[in-house]
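Two complexes are shown next, each including chain A; its partner changes from chain B in the first to chain C in the second.
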Partner chain A sequence: MAILRIIIIFFLFQVKSYSLIEVDITRGNLNPLPIAVSPLATDKDSKKKFENEVKIDDLGAEISKVVENNLMTSGLFNPLPKDSFLQEPDIAHFKPRFEDWKLIKAQALITGKVEYINEKLRVEFRMWDVLAAKEIMALAFTTVPSNWRRVGHIITDKVYERLTGEKGYFDTRIIYVAEEGPKTQRIKKLAIMDQDGFNTKYLTLGNELVLTPRFNPTNQMVTYLSYFRNLPRVYLLDIETGIQEVVGDFPGMTFAPRFSPDGKKIIMSFATGGNSDIYTMDLENRVVERITNHPSIDTSPSYSPDGKYICFNSDRSGYQQIYIMNSDGSNVKRISFGRGLYGTPVWSPRGDLIAFTKLHSGKFYIGVMRTDGKGERLLTENFYQEAPSWSPNGRVLVFYRETKTDEKGEGFSAKLWSIDLTGYNERQVPTKTDASDPSWSSLLSN
Partner chain B sequence: MTKNIIISSGLHLIILLIATLSLPFLGKKPISLPPIVSVELIQITDKTNIPFAPKAKKIIEKVKKKEKERLVSEQAPPKKVKKEKPDAVPLPDKKIEKVKKIEKKKQNPVKEDTEVKQVSEFEKDEIFDTNKIAALIDKSKQELAETTKKTNKITQSDDINMTNNTLTLSEEDALKAQIFGCWSIPLGLPYNENLLVRIKLQLKPDGTVVKSEILDHARMNKPGQGFYKVLAESALRAVRLCQPLRVPSTGYERWKDLQLNFDAKEMLQG
Partner chain C sequence: MTLNKIFRNTLILISACLLLSACATQKTVTTDGSQMQGDVYTGTDTVKELAPGVPDRVFFATNESILTTASRETLRKQAEYLRKNSSMNIVLEGHADERGTREYNLALGERRANAAKDYLMTYGISASRISVISYGKERPVDSGSNALAWSKNRRSVTVKAN
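Coming up: the complex of A and B.
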């Protein structure tokens, strides 16, 4: 009887079970993330003081514009128009009404406030996940008021890192050759500016021709090529002091200089008797070391981020191609095998890719390939463009492009352009004059 | 003597005759059986989702309306402001002084040591109880193992108890299409890494999310896996943005717990 009861109970309570349903999501959209950058709130007293000191009406709003512009140019974010915002900046910074921000389709929100404290600018900002209705980051910075643009760049770097998972590249500078005048009588000066084109400063007067400036890892020194008595020579320039010196006393031409990743050496090409090879010079003891020894033209050397390898271009195969070798010059391997000529190879700061200029069928391309030469991708094509330089996070390239200014093909203009690794986000980098030979610094605030 | 030889050879012949007639199968090749092909039987009703009778339809719609009304009122919670206030920025003055001292040396803006607390929900979990997370992961593994066991070896009793534990193709497609549109994949991810985020959801009958849980939570704290947090957050954002999810109108018990496996690799490798 008891057994019968148990059996009845068993059948009565037997419930249907379900295994967990799994759904694979392998696609998404690559649309820029909608983000709302609320103007940073400023109290009345601070507003007046900033107006007196930096001659800016609403510093909070200006800083938010810097952030907004940076995010937009990255191509990964879509800053929403400010006139659609429903909440006042000061209240939004205290506690956002997430329903209002959801209404305008914002997925992330940046709020902040700006204060004048003890003659210093203090900026506080927070980032909110609108859909989760939560704060995800909050930081504050203090600096001299004249540094307000940098605060905007640093905020962008923090936002970028939090939302993309990789370091930003906004608090950086670009050094380039500023060009003025007709093509036959071009005046070329070294110039430095913020990555967004602001705060341009000229480092040389334009008396001598200057080319290929490159930062050292601390961003304090620049190495570049300049003509002295009609002979191209590699120079070193201290940006802070303005002191410059010739690197080494070579009997022939030296060119295409670049720092080693530790900043202790300069690697460059040295040409004599129609042959050009790659050399390094130790900046402490000035010892020169020959790296390549081949009767071909070896030039444009660039170290890998760990300093173990060097990529360069050479015409030893009959055509200009890209090669890599160990940093002592051993184990030389050709890595480019595509049609056309390859030049100006630059190793990515991430170490995974090499950027290059390619000339094929009368057109110039900026492209990237893996360090074994595989996976070549051409990012942009034009009439004339070259000299790519990596952003410090290895995601964006800056290069220069020459264009004809009229239909007859006469006139000429050179401008800086940037393109990201997707190849879709191509933008002109604003410069005051014509510009060429850009070099991107590492992050200033590390 | 000759007689004996004749008898002997005759007997041998008889034996040979019997052997050749009675053992012919020895010469034949073994029968080759065709390979077994398993065929999955699926009820057509599951695939086509034939509309139900008009009377039943009306009743279900009425019930749905009621549910919706009820859910709307539930979805307007009072603002939970006070609890988050302690996490907010107002920073101790002493720390600001410290920062200023450093500034005198450098002209660069200096990041203050803020007492900012991470507020994303999985971070909170991490801070409070790491063992709990480990348990969750183990649990998820167990669950996975169980599900694979169940799907691989279905006993007769299981077969009776488990009714249709998958979504139909059209149901799955509808859900996928909805989430594809909501998921903004962060482009900065390293495409040579494992980019799989598994999220377990608990759903209401109308498809709104009651609870979401990242199954590989511990991965966020591993060195070199910082991108995983960003990826996981983007997946969670997609779920929140999409809700209510396009779930089937029937069979709530079947899909009230759902696992979404977000994998960005295919997209980023292009």
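Coming up: the complex of A and C.
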């Protein structure tokens, strides 16, 4: 019996070793793929020039660290420690000695080199299937040296796409609210950073309360709520120019804004006389349309990726629940029927799922359900967490989580976290300050 | 046999303890009741005065915007004061506790402040003198993560605007 089992295992192993490597991302990945990321080779001349320009003495090695960190946080890959590598980076890039990489159990190998050419950074990289002993990808591109971190993200996207068969999400940014100060007098600023927590920039100064920033589809504009002059209103901000304007001319609070998938409209709530309904405003002709008309609270609207439907939360049943309707407001249907309250629905970029926040028995959950409300899956439970936002490939959710304070009302914190759609690989997303209300950009390059 | 008896006695003792502790829990609830009725805050810790003898705020139950008898009494006093000071304008600031999603709580704060506004208007205070702002859960008065702190934070506060 035992011998039979060994034979079967051996047989499976054999089959695997002859097929090309592949990573299955549809289920929780408990065995991340061992991958070796060789430092990108940099020649002496280039090294000196990069050191002058971007103050980094080994740019190739730094770029490979960006790639490694991305692969590791994805939960699908296990980057092997560099001190176990036997081959020099430049020789490995030319022709890997596969036995050396097999020895350290690497299944895939990434090699490359960086050069300084005409004041530009030229990057070349290759991916190798170690077991099949062949090259499976080769790419080269040129950019300004200050863009070196993005180079790392783009390489990761290519590797991820080649090995999983789906687009990556690494060359992206997250816009969020940076928080400081005591809970009763919180100072909040809009902040933007690379998906891995680097290159943080603040877009507002913290003079007024700001909440819920969201990108437009091209990532150049942001819509958010600002308490400028103590009038809570939806604003539109051009990230490049810094120019901002109020959206629409509403005689009361507007909030919960998001862009339509074509970027032409903003959908939001308008509250007046104790009632919140959903409206859209066309950014080109400024035409305002009322989408819901109900004496309950209707808020947190989010379009389906094809723009045909809207999901939102409403307490028209007596409690906060999730509904969907046609984009003109017709055919409203409740889809959440589980126990507890449901809020912040967000349609996945793939169109098949809606992510949400659920409150039940004093706990907060981030979960997903199908667009008909069936197949509810709760991914994570905590004291307080909300506001999921999808990675552009629809595989990961980022959200924020707040901690309970102690008896003295101290020890409060708010942090960003991410979790795979599978419910595995929950991680804190590094931010310089406390953070909330994250919104994930689309891929910056394709 | 004796062992069995001891065991049975222990069981009886344990169930008695459980019964007692259940009573004790209920008692705690009633003690809390000195500052909360149901889950509406009835204490005075955070309450300021709009004018002598006129409290500045009213409190709400979880997810509710219904005015309690005590809230209506407070607002009646506020209306009386505002009638006597007819040039005074006010802002009603609506708030929610931290146990709800941010956007829903913004709407809930607006609903609460408007419940107070509607009641003041029934006492003849003109809508033109009242503006409303919701802070949702953004400005708690008590930073605690417990039922009492949350009850203090579910409020509508009347603030002089001029």
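Structure notes:
The rule is simple: the second predicted complex is superposed on the first by the 410 of 446 C-alpha atoms of A that agree within 3 Å, B and C clash if a C-alpha of one lies under 4 Å from a C-alpha of the other, contacts with A are read in each partner's own complex, and residues count from 1 in each chain.
Here is the rule we use: contacts are C-beta pairs under 8 Å (C-beta built on N, C-alpha and C of every residue); 3 or more make two chains touch, one makes a residue touch a chain.
Fair warning: this is a prediction, and the values are worked out from it, not measured in the lab.
Looking at the complex, you find that chain C touches chain A at residues 63, 65, 98-104, 106-108, 110-111, 113-115, 118, 132-135, 138-145, 149.
Interface residues of chain A, counted against chain B in their complex, comprise 14-33, 76, 95, 107, 117-118, 120, 122, 124, 126, 129, 131-132, 134-144, 147, 150-151, 154, 162-166, 393, 395, 422, 444-445.
By the touch rule above, chain B contacts chain A in their complex via residues 79, 81, 84, 87-89, 91, 96, 99-100, 103, 107-112, 114, 116, 118-121, 143, 146-147, 150-151, 161-163, 165-167, 172, 175-176, 179-189, 200, 226-231, 233-238, 240-241, 253-255, 257-264, 266-267. Taken together, the chain A residues at the contact with chain C in this complex read 182-186, 209, 211-212, 225, 230-232, 252-253, 255-256, 269, 271, 273-276, 297, 299-300, 313, 315, 319-320, 341, 343-344, 357, 359, 362, 383-384, 386-387, 402, 404-405, 407, 409-410, 412, 436-437.
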